[in-house]
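Just dropping this structure here.
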Amino acid sequence: MTKDVALIVGGGPGISASCARLFAKSGMHVGIAARTPDKPALQNLEQTHGVRRYACDASKPEAVALLFQDVVRDLGVPTLVVHNIDGRVPGIFRKGIAEADASMAFETLRNSAFSAFLVGQQAARLMRENKPDANGTKGTIIFTNASAALKGFPTSGAFAMACQAKAGLAQSMARELMPQGIHVANVPIDAAIGWTQEDGTRAHRLAGTTVDDNMADPDYIAEAYLQLHRQHRSTWAFEIVLRPWVEKW
Amino acid sequence: MTKDVALIVGGGPGISASCARLFAKSGMHVGIAARTPDKPALQNLEQTHGVRRYACDASKPEAVALLFQDVVRDLGVPTLVVHNIDGRVPGIFRKGIAEADASMAFETLRNSAFSAFLVGQQAARLMRENKPDANGTKGTIIFTNASAALKGFPTSGAFAMACQAKAGLAQSMARELMPQGIHVANVPIDAAIGWTQEDGTRAHRLAGTTVDDNMADPDYIAEAYLQLHRQHRSTWAFEIVLRPWVEKW
Amino acid sequence: MTKDVALIVGGGPGISASCARLFAKSGMHVGIAARTPDKPALQNLEQTHGVRRYACDASKPEAVALLFQDVVRDLGVPTLVVHNIDGRVPGIFRKGIAEADASMAFETLRNSAFSAFLVGQQAARLMRENKPDANGTKGTIIFTNASAALKGFPTSGAFAMACQAKAGLAQSMARELMPQGIHVANVPIDAAIGWTQEDGTRAHRLAGTTVDDNMADPDYIAEAYLQLHRQHRSTWAFEIVLRPWVEKW
Amino acid sequence: MTKDVALIVGGGPGISASCARLFAKSGMHVGIAARTPDKPALQNLEQTHGVRRYACDASKPEAVALLFQDVVRDLGVPTLVVHNIDGRVPGIFRKGIAEADASMAFETLRNSAFSAFLVGQQAARLMRENKPDANGTKGTIIFTNASAALKGFPTSGAFAMACQAKAGLAQSMARELMPQGIHVANVPIDAAIGWTQEDGTRAHRLAGTTVDDNMADPDYIAEAYLQLHRQHRSTWAFEIVLRPWVEKW
C-alpha cells in the first residue's frame, strides 16, 4: 500500500495546522500551501511534523497548476486535498449591502469560490488516475465551509455569495466525481473556531465539563476530515455540518 | 399614488421581454438594460410598449452605477428591479470539472453573481429612500435563477457556483432588507424556458390540453414576478421555484 | 366553463374564513368542513357568502370519504381543496421532549398529518377525472403548513413531526400528481397569523405604513392560494413560504 | 470511566446486527429490542457477542417505558440509543396516493415516527441525568432514516410522511437536547442496504475494486454511528447522509 499524500490549501494556525499535524501523525506525506508560508505557525509544522510548505496564491490558475506539479514532484500524487480558504478581505465584515465595497466583494468571491474551483480541478485531474485504496477511494477532496453556506445572513452578502458558490461547486463535483471513485465533501463549520497558539497553548481551552468548548476545536475538525477520507465508498457522506453543542441554529 | 418604475437588467426575447410587456401593460414605466440593447427583440419593445433601452455591462461597477443614474433621470427611482442574467459563456456547457476552462468559469461567476451584487446594491441604495406603497413595499428586487441554484449538477460546476452564489446573495439581502420594507425574491426556474420569437410567434406553443406546455412560459413567469411585487408585506415570499407540471425533480 | 368548487377542510376565523370569502367572491361554490361547523364565524360565512358547512372529523377515514361524497352531491367535484388543519391539541405547547405527553403527540400527528393524507387522497381520486381548465389544471390541493415544517424547534417535537410529515406527504403527492395535471402545494406560514373577529373587526390592524402588519394577514394568504390555483401549469410552484416583512428567519 | 451502554431499537440482520457487533467489540454493554427477538440473526448475536435481547413493540408507550426500565436494570443507563425502525407495513410499497390503503399509512406513521418519539423521550429522560463522558457527551441518540427523509418520492406518500416526521422530531430534539449535553443525530441512508446473512456470508459482497459495493454496507453504517457517538461536543454533527459512491441523487 502506497502512502497517502495530503495537500492542505490555505494555511493558518487553526484547521490547517490541526489537519497537517493529524495527517502527518497518521502516516501521510503532508504539504501545506499558503500565500505567506513563512508564518511561524507553518514553520513549526515543518520542524515538528515534517510538513512541506508551498507559497501559492490559490486564486491564480497558473499558481495552482504549479503548486500541484510541485507537490507531485516532492510528495507524490495527492490522495487527500483540503481547501481551507475563507477568503474574506478584512474590510468586508458587517457591511450592509448598500454600504459594502463591491471590489472587496469581488475579491472575496475570487479568493474563496474561484480558488476552490482551481484547487478542485487540479485535484480531480490527478486523482482520477489513482488506483482505489482499500476503501475503494481514489482520492478525497474536502471543502471547509462556513455557516453562510447554509444561510445567507444579513449584512453579509458577499460572504454568502462566496460560501454558497463553494457549496454549489462541491455538490456538482460530488455528483460528477463520486461515481468515478473520488470522494468530495463540503463541511460547513457552523461556529467560531478556536486554534492552537504559537506557544503551543490553545486559544480556547477544551475539557469535558467546562464551558470552554463552545467554539469548534480544529483538532476535532481534522479528525472528522480524516474519518471522511477513510469512509468506505459504500457509505460516503457528502456534507457534514459541524457545530458545538451550545450553538444556536 | 406615483407610478411604478421597473428596471429589468439582462435583456433577451424570453423572461425579460415578457416582463417588459407585462409591466408596461400594468402601467409601469419600464427600462431594460442589456449589453447589446439594439437587438431586434428589444427594439420592438420600445416601439410597441414604450420600453426604454439602456446599454450596460452589468458586471462592471461603474456601468451599473451609471445605469441607475440614467434610469432615475429618465423614468424615476425604481420600485421593481429584476436581475435576469444567466451569465454562462457559450463554451462552458457540459464540461467535466477536469476539462472545464477556468477563465470561463470565472467569467460566468462575474457575469451572473457579481452583476447580481452590483444591481442589488444600487437598487437597495435607492429603494430604501422610497415611501412604502399601498402594500407597504418600498421596492421589490427579484433575482431570476436556475435549477442549479437548488442542486449542483455534474459537469456543471461553474454554473452551480454562479447560481448558488446568487441565491446566497439574495438570501442575505432578503434578511437584511425585508425589515426595511424592501421585498427581495429568488426565483429558480426549474425548467427549459420558451420564448416569443421575433416574428411574434411563440417558440413553443402553449395550450391547456396539449403537451407543448412542458417548458416554462416566460409570460407566466412575468406574471409570477408581478404578483411578488404586489404581495402585501404581511405575507412576503422570498423564494418561489417555478417548474412545468411534467418536469422531473 | 364550469364553475370552480372549493372545499376548505379545517374551519376557523383565520385562513379558512378568509379563503371562503375570497373564493366565494371569485365565483366559486365553496364548502367548509370543521369538527364544529356551528361556530359563529362559520355561520356568518353561510349567511354572507353562501358557504356550505359540513361537520367532519378529518382524522377519520370514513368521515372524510363521506365529506367528499356530500360535497360532490351538493356543490360538484372539487377543483380546489385546502387542508387547513394545525392539529395541535391544547396541552402540547412548549413541552420538552422528556415532559411531553405521548398521547397528545400521537393525536397531533393524527389530526394534522394523517388527516392531510385522507383529504389529499379523496381529492386526488376525484380530481384526476376532471377535465383540465384553461390553465391546464385538473385541480389544486393546498396544504397550509407552519414554520415547524421548515425547522424543528426545541420543545416542539410533536408539532415538528406533524408539520414535516405533512410536508413530506405534499412533496410526494406533488411529484406524483403534477404530471397528471393536479397542482399540489405546501404553504408554510412562517409567522403568527391574525384573523377577523366575530364582530367583523380585525384581530390585528393592517395598514401600509404602521407596524401592525407584523403578523401574517389571512386575507393575503387566501390571495396567495387563489394565485396558486390559477397558475398556468407551465409554471407551477410547489412550495411558497409566506412571512411578514419583519419576521426573523 | 464507566462502560457505555448501547440500546438498539428495531432488530434485524442489517444495520441493527452490524451495530450490535461493533458496539460489543468496542467494549459496550449492548441490548437489542425487537418485536420478535427470537429470530435467528438476533439469537446469534447473543451467543457470539453477548448482546441482550428484548421483546418490544416500540409503537406502544408502556412497552417502551418498560423496555428502558429493563435495560437500566440489566445493563445500566444507556449512553447510546439507536432507533432503527423503518416501519413500513408490507403492502404499502409503490401505491399511488389514490390507491394507497389509509390504515397502512397510519400504521407506518405509528411504527416509524411515533415509536421514534417514544424511544427518544425515554432516552432523553435517562440521559440527562448522566455525567458527561470524556468527550462531554451525556448520551447519543441516533435515528436511522431513509432517502424519503430528504425527498418525498411519488407513490410513496405514507413513507415520506413517516420519514420526514422522524427527521422533524430529530431536529427538534437536537436543538433542545444538544445544549444539555445529549447528542442527537439523524442519518438518512440514501441507498439500498446490504446485510449479513444467517450463515455469516454477506448478502452483497464488498471489496475495494469490485462493483459489488453499490449498496450501503451496514458494517460501515455502524462505524459512522460509533464515530458520531465519539465526536467531541465541540464539533457535533446533527445529520449525515450516507450513500454509495455510484448512487444517483
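Labels A, B, C and D are assigned to the chains in the order they are written; within every chain, residues are numbered from 1.
Rule of thumb we're sticking to: a contact is a pair of C-beta atoms (placed from the backbone, for glycine too) under 8 Å apart; a residue touches a chain by one contact, two chains touch by 3 or more.
Since the model is a prediction, treat every value here as computed from it, not as a measurement.
Chains that touch both chain A and chain B are absent from this assembly. Least step count on the touch graph, chain B to chain D: 2. For the self-contact between chain B and chain C, the two sides draw on mostly identical residue numbers; the shared fraction is above half.
Per-chain CA centroids place chain A at a distance of 31 Å from chain D.
Chain A and chain C, compared by their mean Cα positions, are separated by 45 Å.
Multi-chain contact residues of chain C (touching two or more other chains) are listed as 175. The touching residues of chain A, counted against chain B in their complex, run 61, 96-98, 100, 102-103, 105-106, 109-110, 113-114, 117-118, 120-121, 124-125, 128, 148-149, 151-158, 160-177.
Of all residues in chain D, only 132-136, 175, 178-179, 181, 183, 189, 191, 206-209, 213-217, 220-221, 224, 227, 231-246, 249 touch chain A in the complex they form.
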